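The two complexes that follow have subunit A in common; it is paired with subunit B in the first and with subunit C in the second.
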Partner chain A sequence: MGLSAARARRDRSGRAFASFVQGVAIWLSGTVAVALAAAFIAILALEGWQGLKAASSSPVGFDLTRSLIASGYILGIALPLVIIPSFLAAAAGYDVALGGPTTRWIATSLRVGPMTPTVAVGAAALWFGVRGGEMPTFSSQGIVIAAVALAALNLPVLTRRILAAVRDVPARWRMAAIAAGAAPHTAFLNVILPRAFPTVAGALLATAARMFGETAIVAMILNYAGTPLTPVTLDLWRRLTQQPETPGAGAPLATETLLLVTVIVAFRFGARLLQGRRRSGTAT
Partner chain B sequence: MSPDRATSVEIKLEVRDLHVWYDKRHVVRGISLDVADRTTAALIGATGSGRTAVLRALNRLHDLDPSTRVEGNVKIDGAEVLGSTTDVPALRRRMGMIFGEPATLPLTVFENVAFGLRAKGVSDQGTLDGACERALRQVMLWDSLQKQLHENALSLPLDWQQRICIARALAVGPEVLLFDDPAAKLDPVASQQLDDVIFRLRRDFTILIATNDLHQAARLSDVTFYMVDGEIAESGETLAIFNRPTDSRTEDFLAGRAWS
Partner chain C sequence: MPSVSERLFAACCKICAAIVAVTPIAIIALLVWAALTLTFESNGRGEYSGWIAVAASTVVVCLIAALFGSALGAGAAFAAEELASTPVRRTIEGAIGFFGAIPSVAFGWFAATILVPVAATNPLGFVTPYAVAAAVLSVMTAPTACALVMRGLRRVPDSVRFAAAAAGATRLQTTTHVIVPAMRRRIAIAGLAAFARSIGEATAMQVLFVALARDGVRAVPTTAATVFSRLALGPPAADPSYYIAALVLLCVAAACVLAVGREVGGPQWA
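Now for the complex of A and B:
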């Protein structure tokens, strides 16, 4: 009894410490996000959007709108490409009998997938995307190939996150729905998924953040394709690697870095908030 | 139902040589039993004796666990239950299952009760309203809940949640009700009220109830099956089993004595 009481005390202390660390982490990331957003808004207020683009008159050239559009373009293509298969794979992983060879293969892929080096995914995308050794003449196709590569890179991670979210929903609800005569997919869609939705939405935001910030694949493919559209990360990377000493390069670099970090932290902060809501939802 | 009596009345459930394996553990070892129409049968036995595994086999819930294997012959009104061509969702609507822990869905009271009907494809609001009211009346909750139909069912007391789960099973018009230790999480007063509900249902449904509560088994059932290690050690009329058990293991179990 004494031992179990001591263990219970340790567990309570451990949980309290974990909650404290989690709280501090959320608070810090929130503060950073708010501070960065405030800084960004302040720059906009003081300098105006044109101010941010002021460097476009500088020798290095700078068009933030164009970069943002390119990043949004990539996200707009890559997100549906990763969301739909991830949902399907998670639904299959949830319902399909575990232990069969197919499921074991899927499970292994999900574990091994995130270990694939980014450069390998980029190379594979180039290999599949480039026909006959030449990049297609439609230059924006480079963006599509980059988006597909990003989707492939994030598919295992997002699938695992969605699967973890749906498995976190009490299994008795699924059992109850099925025992009431619902087909497994109806139970999944009508009972499990709505309860897991905040965590799933958080996972989607985190994936969007990862895609927005991904540089290696985007740089590889778009550089090879010679695509004129340059997403924020690629633009920043080019500035850092190609024109570091150019006069007037500092302002665009700072602005773009600030924007990149703000967007990513905002995505991640949103994800944490949603996941926090899921936890408190479970408690009720 | 005891085989002698079963032959003279219509058999609703027929189980022959039923085996269940949880992975490699053989938890139900070739049991056979018949339950007559509108009869209440109790499955009693120690924890791990295989009662729950039998109920889940009847409802095909073992299908959800790939590590579980079921063999044997189960029929409801002569129709095969375990066959690969069985319409399993329809079968589950015919055989409503109520779990030990109230399996209340994270939905409103109304949506909980109407869940099975919606899953069946019923969307007419009048039909859903009518079925919901009927089912809640059957579990004696309509008067208490008619003004709270759109509240979250999870916020209600556990005994009401359990009765809502029974109402959900009733709403789809089942013929058989399977209760898996339905009062396991309830206090004695709530348990008594639940027994009253089940007692009223006995007239209209064939009921199979697995229970640890011997009083509940004695109060509600017409026939009793005593299970030991996945086998039926003794079965017969409940009064006879409780008053004149023929197997010494049954006698020891009913007296609360351990046997080796």
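Now for the complex of A and C:
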């Protein structure tokens, strides 16, 4: 009796200790995540601001306009290559009446597609551009190959996001539209899509942000093609890896990183806002 | 009888769905084509001598990163979903979301600017560069693990929490004695997803290892970083080993993701 009571007491105190340790670990993880993010933002903001001040006082200055235009140029080619097929593929994945047998194929493909390593896509695109087709003889060919590779990387991601957005709309809307005599494509375009639109627009913004920040593919292809256009990520990567370390070289790096992160966070914030609007309107 | 516009729309949908479905297969086919062509052209004289060290460094770094990344992500998910008040939950979610949003080259900048000067003194000996690489990858993979665990937590019925509360358990006790044991499998799956995410990471690792080399710390980079630097910095590689390495990375990541997808019905990657 005494022995089992002592064991039960020891058991209880052991459980309480385990609970305490787990609680500390859980809170520590949350705190570390917040502290790391705060440190990252603070260091980036401070260093980036100092870089901006140094650039404004220097006679040479520091111009990122060309890099931003180059990024916009590649995005301008790649985005339509992603948006239109993703939207139509999501429609096929949503309704078997639109997709036929491809509805099942796409479900399988979307499991693996979104996590394809960027180096694999970059290597495949480099091979396709250099050996499969002709070697890029003029720089715009390199830009087109980079844009196509970016599109190939993001196609499954955006399709999956759009598909998730349209599947979030209650099925009764589709059933009501079909019962009222609407064709499957009419039900998708006129009933489902308007209800999923904020989430779909958020997914587009998030994908644009991902494409804007992609480095490996852009660097592999444009570095080889010798394109004079250097998008922000390529410019930053070159400064980080190829230029010799000189005093004062860190300031423009920080400014460029700050610009890159600010643009991407702004895109993602916009996406979050749109998705929040959708969430608050889910009940409709 | 479907109208012309309906048939046209359905045909476009099918074509685009086929394109999306075929994209990963096309990437694999191109890599196999490259590897085979270059192997035949070089009469099998590919440069494979350093690859064992590269593979070993990749496995070790990615396993440690997956371990710490999934612990950080899962812990943050438990803190946000189960224990924190709404403002704290939003702060934790924002922090994890921030890490999920920023590009890998920015992680590379952070590692090169802040971590490399510390690592240059070699505080941990030969382990130092791998510890720094694992630390950077842990932070990069935490959002993936966090998203998976959060999805799992949202599926735990509230009745479980109510039952624990009715039995007199506090929120912390409910979390540690009821929710965490129920989520063990999901946490392991989150670790696998974190491994799949970290094994293909190239840019941050390449920037980190270049910065370390500049500061005199020599280390064998990870596979993705090796493939990236060789294909981006040199002339078009006539060596099949880089394409084979890219193919292996793709296959390992795909195998991990299929295992994750079997458990949770498809991971939330971004």
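As a convention for this text, the second predicted complex is superposed on the first by the 206 of 284 C-alpha atoms of A that agree within 3 Å, B and C clash if a C-alpha of one lies under 4 Å from a C-alpha of the other, contacts with A are read in each partner's own complex, and residues count from 1 in each chain.
Here is the rule we go by: a residue touches a chain if its C-beta (ideal position, glycine included) is under 8 Å from a C-beta of that chain, and two chains touch if they have at least 3 such contacts.
This one's a predicted model, so the numbers in the text were calculated from it and none came from an experiment.
Undergrad: Is A:T233 touching anything from subunit B or subunit C once the two structures are fitted on A? First, second, both or neither.
TA: second
Undergrad: For A:A206, using the defined touch cut-off, is the partner it touches subunit B, subunit C, both, or neither? Pick first, second, both or neither.
TA: Only subunit C; A:A206 stays clear of subunit B.
Undergrad: Is it subunit B or subunit C that touches the larger share of residues in subunit A?
TA: So, of the two partners, C touches more residues of subunit A.
Undergrad: In the overlay, answer first, second, both or neither for which of subunit B and subunit C A:A179 touches.
TA: So A:A179 only meets subunit B here.
Undergrad: Mind working out whether A:R195 is in touch with subunit B, subunit C, both or neither, as first, second, both or neither?
TA: A:R195 contacts subunit B only, not subunit C.
Undergrad: For A:L88, select first, second, both or neither according to whether it touches subunit B, subunit C, the two together, or no partner.
TA: A:L88: touches subunit C, not subunit B.
Undergrad: Of the two partner chains, subunit B (first) and subunit C (second), which one does A:V157 touch, if any: first, second, both, or neither?
TA: It touches subunit C, and subunit B stays clear.
Undergrad: Looking at A:I264 after the superposition, I want to know if it touches subunit B, subunit C, both of them or none. Which is it: first, second, both, neither?
TA: It touches subunit C, and subunit B stays clear.
Undergrad: What is the shared patch of subunit A, the residues that subunit B and subunit C both contact?
TA: Common to the two interfaces on subunit A: residues 97-100, 183-184, 186.
Undergrad: If you look only at subunit B, which of its residues touch subunit A in the complex?
TA: 59, 61, 64, 66-67, 89-90, 92-93, 96-97, 99, 101, 103-107, 115-116, 118-120, 154-155, 165, 168-169, 172
Undergrad: What does subunit C use to touch subunit A in their complex?
TA: 2-3, 5-6, 9-10, 12-24, 26-27, 30-31, 33-34, 37, 71-76, 78-80, 82-84, 88, 91-92, 94-99, 101-106, 108-110, 112-114, 139, 142, 172-173, 175-177, 180, 196-197, 199-203, 206-207, 210-211, 214, 224, 227-229, 231-233, 235-236, 242-243, 246-247, 249-250, 253-254, 257-258, 261, 266-267, 269-270
Undergrad: For subunit A, which residues count as touching subunit B in their complex?
TA: 97-100, 172-184, 186, 190-191, 194-195, 284
Undergrad: Touching subunit C in the complex: which residues of subunit A?
TA: 15, 18-19, 22-23, 25-30, 32-34, 36-38, 40-41, 43-44, 47, 84-89, 91-93, 97-100, 102-103, 105-106, 108-128, 130-132, 135, 152, 155-157, 159-161, 183-186, 206, 209-210, 212-216, 219-220, 223-224, 233, 236-237, 240-242, 245, 250, 253-254, 257, 260-261, 264-265, 268, 272
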